[in-house]
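Labels run A, B, C and D following the written order; every chain starts at residue 1.
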């Protein structure tokens, strides 16, 4: 049970990990273990008891499990007064609403749910949204390993929507494009009026480029993620922040300011 | 003489250009002439009378002249109650202080002085300053045509200083660098602890890349300027904004928010 | 009339330009005029007499005209024993065959016809064809100004075909691609099995990137053309070489070795 | 003992690995094991007997050991009539001469010694050497993780030398550079007249960019290596080729043609 008042500032945060044997969960365990201001007190996966985490005095739970169990996990954490950082996918607006309801009854508890813990990716999207209204042209190129099933990536689609919204707000019309004679697909997919190109090649991991252009100049924002480990600074940032942010926080953006 | 109250919002802004026969001045004249919400009412250069501008009813003066005449020009504009947008270089803190003094006595007049009117370059610097505290590593690579005399560029030096300040504020220490065995110059110039590399090659114009890195990911912000015309959207933005910003505004940043 | 034997090596090449008032023709005139080893002896355009070129002693004719007049021009040059460098478009295999026929009867005369005089673009294509058989993955991204009518560009289509041929020769199968769920167009156009993405944005000129990938590494070849002037070194190279290459040479490749 | 005549073309190549427990050696073992046309018959490291390899019928030995043992290993292989692929560093011209001497007495045996088995890196260097004589400007930017001790990298230094030699052969003078006012180091290190910039940042692995420029255009060749595994296609290529290349082959170049 958390009681920050009794803790000296130097005392490490006691962290439990759910989904500890999954690919992301294992990375989280390693990262928490390596952080000098955190103690890894519980590693829990399918078949283990959640109460191991509370028994071990976990103050923050990190959840990288699956959409079918994450709601139960969260309900239990909030009940126990344990704050949570959640990277599990599948959060609809309806699910977020239910989490808010649970949190209303536990005012001291914080929950951070983020679809993307890559600080670089989140900044890329923030900068793209901010630059959008100053450039007449914009296109997105995302590049991934060839085992990826969807094209474009979720991050690229999300970035396109943010840009489209910013353009609309600034009163910008459609991007200029005189293309008359197109081999089908050459100009990419159109997401809310923004062209998105998906490149797939061996040797790539996960990359995205947002290209803005106006008379005589371009501005390019590029993110290269080479390793699952790239999400860990964002997870640790959320672990450090979550107990001071009661209620629900969606996305890493708010924590970066 | 400016009197906004009497003007309908649709009435074009009356603009005079000082340094109208210089390279930048000619671009400004073209851009103002092409803008549907502006009228180019005076083109003035060495040997012409400044009073031509006031006689023509200029509401905003754009000054791309030289350090030796710009202070006289500005004094005259402020005296006449004409707002000014200044791209001339050489403004020291002392000069800015004098301009502030003149403006104190003319409360309705606005002056925007910017070392760089490229919206892309200004956004690049803003984003770099904002990303700086989230990444342990950062380096700057600027690339220019081989006729450039200084290395690194003023923009690169300024960006390095902004980044260094943001890192200091966030409590970040020096960037990690294990280099033991260096051919002199390989690791670039050090500006406030930030490494800056200056590339010179035919075929280039003016480009800058800021590379941030942390575990498993990098974020790159790149600006490519191909043409003097790239400064014009920034100049026009300032012309539109200056009459509503009494006093001195330094840099385009404030106008981009 | 050419007679190299009588010329000292230091004597400048006498060059005539057809299409001298067109955009490319004007650049050629400037470039020839600036070259210390050439003399610009005739500038000819619509309404001028071709015989002005032979009267002026042109040894090499550069033709940047239009598909409807270029065959007559070439026929005339070969008849006169004047070598020619041709950048005009529209050369089908049938047209090339006719030119070969004319040249057979004039053994001393050389003609270079090239669809692209950009040395960088030609090298990019050569390198791409050479790298193709060593990488399992390859994609092309071409980026142009938004006034371009076709997508992908002719250069990108040509590069894709060269790569596809090199892959086939090396016995490589299709590139790996697990995409199951695609927003139409996201994966680009398919040219002979090679994915090509066409980006259009203000501030761009003409750029192309060929990305090769295999386990753990990528190789990228990128060409940026900022200016029509970028074709001039290739034109001058051809002017210098054409008199020593009797018969027809198609493409700049042969001249680069 | 090798006897190709007796082997059907489909029979796998029997491969032994020296330095099998080192970082590179382990990768080689994995790669050989995964290759359908090879059998991994011996994994040998410090303290193991070399004769285990010949007893197991190794036809090709791959050596990723250390400079102090590699010469003995090679002498033994050649004596035994076993061809060898060597990635160990430290080969001086003198050492190569000795290996040539040993091979002279064993005409059927082949040895491939390569400082770099990355196909992408080798192609990058080939293309750079080939492009060098067509561009007035060239600079190298290499980018690595911040734990690297030397700057610039060996690959960058080697590339600079190749480029300098190609420029000299083509009669090109120094690259244009008007820099008058330089913060020390900004213009990089000078290797045989070629400027080389070394960038160090967390999140990077091993990357190199060679930038060529001439009037109005640039050509960039970039290699990104994300993983030690990127050397394996080159090692396997050499294993497949070495028995058909009696004598000494230095560098992967010859095998790529």
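To be clear about the criterion, a contact is a pair of C-beta atoms (placed from the backbone, for glycine too) under 8 Å apart; a residue touches a chain by one contact, two chains touch by 3 or more.
Remember, predicted model here, so these are calculated numbers, not experimental data.
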Chains touching both chain C and chain D: A, B
Farthest-lying chain, centroid of Cα atoms versus that of chain D: B
Centre-to-centre distance between chain D and chain A (centres being mean Cα positions), rounded to whole Å: 40
Centroid spacing, where centroids are CA-atom means, of chain A and chain B in whole angstrom: 35
Between chain A and chain C, centroid-to-centroid distance (C-alpha), Å: 47
Residue list for chain B, restricted to those that touch at least two other chains: 135, 203, 212, 214-218, 224, 226, 230
Chain C residues touching chain D - in the complex, by the definition given at the top: 118-121, 123-124, 127, 130-131, 134-135, 212, 214-233, 256
Complex contact set, residues of chain B against chain D: 135-139, 141, 143, 146-152, 157, 175-191, 195-204, 211-218
Residues of chain A touching chain D in the complex: 203, 205, 224, 226, 230
